[in-house]
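The two complexes that follow have chain A in common; it is paired with chain B in the first and with chain C in the second.
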Partner chain A sequence: MLADKIQEVFNEPGCGINQAKTTKERKKGCSKPLKPGAAAGGCAYDGAMIALQPIADVAHLVHGPIACLGNSWDNRGTRSSGSQLYRTGFTTDLSELDIVHGGEKKLYKAIKEIVQQHNPPAVFVYQTCVPAMIGDDIEAVCKYAANKLGVPVIPVNAPGFVGSKNLGNKLAGETLLDHVIGTREPEVSTPNDVCIIGEYNLAGELWLAKPLMDEIGIRIQSCISGDGRYNEIAAAHRARVTMVVCSQALINVGRKMEERWGIPYFEGSFYGVTDMSDTLRTMATMLVQRGADPAMIDRAEAVIAREEAAVSKRLERYKPRFTGKRVLLFTGGVKSWSMVTALEEAGLTIVGSSTKKSTKEDKEKLKKRKGEEFHMWDDLKPKEMYRMLRDSEADIMLSGGRSQFISLKAKVPWLDVNQERHHAYAGYDGIVNLCEEIDKTLSNPIWRQVRLPAPWE
Partner chain B sequence: MTHITRSPASTKAASTNPLKMSAPLGGALAFLGMDRCLPLFHGSQGCTAFGMVLLVRHFREAIPLQTTAMNQVSTILGGYENLEEALKTIYERNKPALIGVCTTGVTETKGEDLDGHLKTFRMRNPDLNDLNLVFVSTPDFNGGFEDGYAAVVQGIVESFAEPADQRIKGQVNILAGCHLTPGDVEEIRDIVESFGLTPIIVPDLSLSMSGRQPSDFTATSLGGTTIDQVRSMGASEVTLVLGEQMRRAAAALELKTDVPSLFFDRLTGLEASDRFIKALAEISGRPVPTKLRRQRESLVDGMLDGHFFLTRKKMVVALEPDHLFTVTSYLQDLGVDVVAAVAPQQAAVLEKVKAGTVMVGDHSDVEAMAKGCDLMIANSHGRMGSARSGVPLYRMGLPMFDRLGSGLVVSVGYRGSRDLLFALANIFLAAETDHESHHGNQSHEHGHDGCCGGSGHGDGREGGSCGCTGA
Partner chain C sequence: MTQVNEFPVSQNADKVLDHFTLFRQPEYQALFKRKKDEFEFGHSDEKVAEVSEWTKSEEYKAKNFAREAVVINPTKACQPIGAMFAAQGFEGTLPFVHGSQGCVAYYRTHLTRHFKEPNSAVSSSMTEDAAVFGGLNNMIDGLANAYSLYKPKMIAVLTTCMAEVIGDDLQGFIANAKKKDSVPEEFPVPFAHTPAFVGSHIVGYDNMMKGILTNFWGKSEDLETPKTEKINIIGGFDGYAVGNNRELKRIFGLMGIDATILSDVSDVFDTPGDGEYRMYDGGTTLEETKEALHAKATISLQEYNTPQTLQFCKEKGQEVAKFNYPMGVAATDELLLKLAEITGKAIPASLKLERGRLVDAIADSHTHLHGKRFAVYGDPDFCLGMTRFLLELGAEPVHILSTSGSKKWEKQVQKVLDGSPFGKDGAAYGGKDLWHLRSLLFTDRVDYIIGNSYGKYLERDTKIPLIRLTYPIFDRHHHHRYPVWGYQGALNVLVRILDRIFEDMDANTSVVGVTDISFDLVR
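Here is the complex of A and B:
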């Protein structure tokens, strides 16, 4: 039952926020109840799609009326090095008649068409609100189709109205645990295999970290789900270590893989020099503990030392240009936490950060480190953001695409650090990319001009 | 013209790379052409989030759009409480001049009584009587973008337009369909005003979606038609109805106000523009301004210069119905062979569309039909099919997220028609002039030799106007 599943992910013991809660609070779930007329952000289906769509060789079929896919497909920059099937948008496009008669037959026909035309290793079927309301049993249809067509057909039961994007991420993780991970054996298995969870290869970010891992001798056995392949993820239970990247979203997958197959996991990040080095170090150490060649640690240290030296040299030239420049950072959870460090390493001053998705411990860590005058906002209203920027309380805002116009209309430089961005900011090269982008934006000559009053004013 | 076959709709169960967008999204766009408006989707928060992202990517503007944030429980028990709370919250926080409510698949499947909700809200909240509200039913599972847009325009007109005792000389109503960009609307206003007429345009996206610079941050549209303007539509001399989709709104307006309607199925093309200009001259009783006379000459000249590159070119066009009619008709005016016209959903205007095949389909159909063609015209999603098939894509329609200024492109009137002609012809002219494309590019396969060798530019060089001597 979906309701049980949702309670289960709300109870996730691996989650830092959850641990700090009372039993009663936990039952209520992760997200604050949405306020009608003042809510923002995606739904559970959106979240499930974000977490799973990067699996590149799979056909992703959305069972619902046109809004769910027609308005949303082809809008994220997750990259694949091979199959491009994930970029094709499939939907049953339910019409009024389908809703009257029920959509199950149409769904089966759609799955069959896709299998016949594209022959994917699996089809993922996404449930949405309307067929959930009329009682379409996608789990039954998927089971039937899988038997009949001889291809795994995976039901992703996260209709939009059950909750937020974050809940959808978690339900997507549960789907992988229930139907995918552990269903195949890998063709090759080595003691150096890691599974990366919660990395979506946006703008090809994973490819900035991968060469270093290759050099150290760490093999990415599977990635959930950036540049992912169905068969690799189905065999993820043979990884020796898992790394959980966006911890709040898919921590349940890491923890349950430990529970079921004894694979230890750690929470890491590819953003910023310190975090990147910690990640490589931890990964190597944990692999060695599980039987990889101990020389891996030395190789990791050598790579870290070399890269850190190189990056600090490359960042030198930004430091004088960044002195005194103030950044307003608006992005969620772990990312803002790791980015604060990363930006300060480059000489920028962070005037404040959103902590909407951060844990209590994260906030305390931040407070201890940054002092009391550092601003942390749980819920800063756009109007207030606009005022701060217009009154030049910051020189640049880094945020997601949705808030870009607050900054741009206030005529203050802005840089995209969320999922729609076109530049990769992960790893050592990524932080240099980020500084280069900030520098380009800050020093652009338009800012003076666009602030000029019109000659008749 | 090749024989016309019509397929009623694609028989596939899986729509692949959809062309269709949802009706509430079209509705939201229409509301955004109203001044200080905040559109509100009565559905789950994802309905709003997706729609907002799509419009943000297209217009590169902040898009005010809210949600009643329906969850499982409120969906089953009924969403009136959520709707009321949303309306009150929006009113308190943003003080909009208008809140425009569109339903979605969630609330329509439940079968919520929208009219009843409006009455209940008014009864329970007499203190909010000055808050303007329009409620429109736009189920996701019925029709598409254009239908939602049209329904909202009708809703706005029905809610606010009033009959008037006296006509205001020179005031004209314009009902602008969603095939017109904010740039088009701006051009239409310029043309109409150049006759000394005062237009009331519903909706007026040129005032809200054209890159306004507000002095403060507001969560409502930054400009557009005011409610007072809509109220005074009854005093206009005539209503100019732009697009088949606006017929119902026009009928509703005429029924309420007795203002006669003049219908224009398109404003792109020489004769189409002539009809519009002639009508304006008659309404205003003024001669056609010199500026427009010059522009007409310029379009004629553009047709003379440009037809070489377009004649007999094979094209596939995929756009919202009225836009599809406009563009395919204009292409045929220019001698283009429209191989297929693909619409995202059924519409009456499709009966008038002329093409080898007229069908309701998706981008995978466009890709299949484009085989062996010279150009496809579609929104930005067409780029993947274009890359796979090697047929170049000219972007029109919405969403257009990989081009700047998507909302400001003008293709109406003499000037806009000329610019569209140039943009299309330039694709072929550039290919001809590009040496590389002669040797190995697949555009060589179909019709390229013809236009290269026989373009009649008479520059005397061997092998065609581009000077390529052939390999």
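Here is the complex of A and C:
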């Protein structure tokens, strides 16, 4: 069953990359085959966990030995405006005897104790390698528990060994489609309702976009999963439009919601000025097409014009400080194209960018704007990254935490623009935040010290 | 028995409450209220609050800075405590304070409260008659008693104000006492006049250091003194001396330098709990002190603690160098380079590694320090060293204040500030006190205060977190055991500052359901 599910997500027709593949390639799956002996990223369980854990009022129970929860407990700065239950680490902490006798009873007891003590609107149960190998049927246990306890108990069947983190993201999406979305009706429903998919509210980023949407009259009916609530997501099928933010991770959810409930979706981004504006514009237009008040479009345009002018004014002050500064951009999930435009507007020179998660269209846009000389990498090896930085081909690197030390050891300033960042870079305000952080990082006196040899040398 | 109180008494032998909770009990609260209402006749709470607010204003600041006579919460101590500290760093040395005994009790408790160690000093216990007729007899009896009771190897004599006001002449008194066989003729009794009404503890340190060296090296100028390859180091009055001196010795070992720390208190203020009471422990030996005359150079790590001493060393033909409490990468670099230059020894690879690790640690954490505004107060050298390190971190020193700071010091701080764009908002306040700092903190806010335990009242008033990094630290234990000098020391300082920043961040995000949105596991 799990194998079928995996094949299904690999076949995702909404994914451009997937569609460009031959049938044979598609069968192999979209995640890169893991190379034994080489450094690798997170597993499928991790991917599922990070995709769903931002649902704040749910108890996330990890069924497995301590490793899986112990190393991942509350490890991302995703924000909740209410319940903080998502930060509590629940696990069955399987021990040797549990593995001999099977962990299903323990799992049921754990679910029961959670429901008795915390009374959450739902319990998400995460499968991990060990119970999957000994044959614990978490789906059956969840079903039994849900009946017995009267609370939705959702099995998230993405044990680590099935594949990569990205696959885990997708399986998490499937879980929501199979067990959550469409199981409740919303208390209120308006023609202005949107569902945002793949936005995790890291460092509170969603809240930089939300006030603008409020002003335009767009109502975030649900967000999967940043600052999410179980009941909102269960009623997400009543949204009028969905926006898919991190398309690589949860495009399947957007497409299937369209298929099942006829909700049109678009891929958008909150990063960078142009993308932010496009997102607001598209969202308003699509809502209007589905029956929202046409004045919404004018309101959106007014907000866009005002914010763009304000940002452009606020970026002015960075221009003299940024002149001649070269940036290497490894944005990961964040759309490169839009970031490039925004940072260049602030006076920075972008010397290269990763395009691993960019769409073909994005790459074309980049090529057009920057010319053929511009470096674009789908997969730049750390060694090469280090060489470029060491040979001072850039003044600063923006990337995720994983390449942090490549930069620091090469004596080049580095700024976190990925999942563990502490500042919100989304929306118009976010770009100003980003420039402020870049400015600080570039101007910190320690970099001079880092680059100088010890004075006695 | 009839109950007299309106409230039952909360405490009894089965349930004894400590002061944290006892005085919050209803019977005490009622008592306090009655006292306030019926006897104190103070201003109304509103009026008190109004005046309290006013003390935070620009208007009040102007008045505060116009103060001419009163000093409120000074960041300095008196000459004798500095002199006593200097003397305690020599082998078997008993400080003998000529003057009233109350003063001596103060110095001892002050040092003990910081180091959590006993420390010895005696007094000539002058009383009213001594003040009228002079303290010679007290000196004669005192030296004899101290010598026979405590068996020191050296007695270092210093004075309190009382002896200074009546003008007792130490040199003459000590000579007289020796004539009267209080102590043997050859027994070393160096001395220093240390009136508290001149200068502060750092001047006292200088006076005593010079006094002890004069005792062993002779008074007259002698530029032709033969020299060895050894060098002398003087740490100055330093609350971190235990950790710092040991760190210095480790560095000397790594570099292969033969150095004498003049006044090494590291063992005196850190004796083991092994059942043996050590009235004296460690310290610079008297032999080393004598030999130190022939060192090729003397390096002072706190310029403002040693002007006279360094001048004296110069007069003995030594090369001298001075630092201002060297903290951080560049300051440590300079110290090591100076050591290498004077001794001709190379800086070993192991220190280069330590340097690289420190730089790496700063780079890892700099975003949390960047642009944070700091107020720094303490001794002049500490303020200089700290300001420099903060600038190195990309932090912004804003108010730098030292009651012992002079105009020259202000200029020196300004020069350091001018050397970095992060120093543009900074200003030095010499001769000012913590009440001035209070006004500065209210009218021009900072993110953190760096100082000593006395800063806790400022922290409470202003709600600006305090980082304790200089003497005295009474309300936190054992910081003095960790160095703040050298690359390792700089790492300790960095961690202390970062810890406070993160603790503050957690404290500001810890209210469940209100601020805990950002109560993050990973910072």
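In this text, the second predicted complex is superposed on the first by the 441 of 457 C-alpha atoms of A that agree within 3 Å, B and C clash if a C-alpha of one lies under 4 Å from a C-alpha of the other, contacts with A are read in each partner's own complex, and residues count from 1 in each chain.
Here, a contact is a pair of C-beta atoms (placed from the backbone, for glycine too) under 8 Å apart; a residue touches a chain by one contact, two chains touch by 3 or more.
Because the structure is predicted, anything quoted here is derived from the model rather than measured.
Applying the stated clash criterion after superposition on chain A shows that chain B and chain C collide. Of the two partner chains, chain B is the only one that A:E113 touches; chain C does not reach it.
Chain A is touched at more residues by one of its partners, and among chain B and chain C that partner is B.
In the superposed model, A:Q449 lies in contact with chain C only, and not with chain B. In the superposed model, A:P36 lies in contact with chain B only, and not with chain C.
With both structures placed on the common chain, the touch criterion links A:W73 to chain B and to chain C.
When the two structures are aligned on the shared chain, A:Y144 is found in touch with neither chain B nor chain C. Judged by the touch definition given at the top, the superposed model places A:M133 against chain B, while chain C stays out of reach. Of 130-138, 292-300 or 454-462, the segment of chain B whose C-alpha atoms clash with chain C in the superposed model is 292-300. In the superposition on chain A, the residues of chain A touched by chain B in one structure and by chain C in the other are 73-75, 87, 420. By the touch criterion stated above, chain B contacts chain A in their complex at residues 12-18, 20-22, 24-25, 40, 43-54, 56-57, 61-62, 66-72, 75-76, 82-83, 85-90, 93, 104-106, 109-110, 139-142, 144, 213-214, 216-219, 380-381, 384, 401. Against chain C, the residues of chain A that register as touching in their complex are 73-77, 79-82, 84, 87, 204, 408, 415, 420, 422, 437, 440-441, 443-447, 449-450, 454-457. Those residues of chain A lying in contact with chain B across their complex are 34-46, 61, 64-75, 87-96, 98-99, 106-107, 109-114, 129-130, 133-134, 160-164, 382-383, 385-387, 401-402, 405-406, 409-410, 420.
For chain C in complex with chain A, the residues that touch the partner chain are 329-330, 333-334, 336-337, 340, 346-347, 352, 355-356, 359-360, 362-364, 366-367, 370-371, 391-394, 420-422, 512-513, 516-523.
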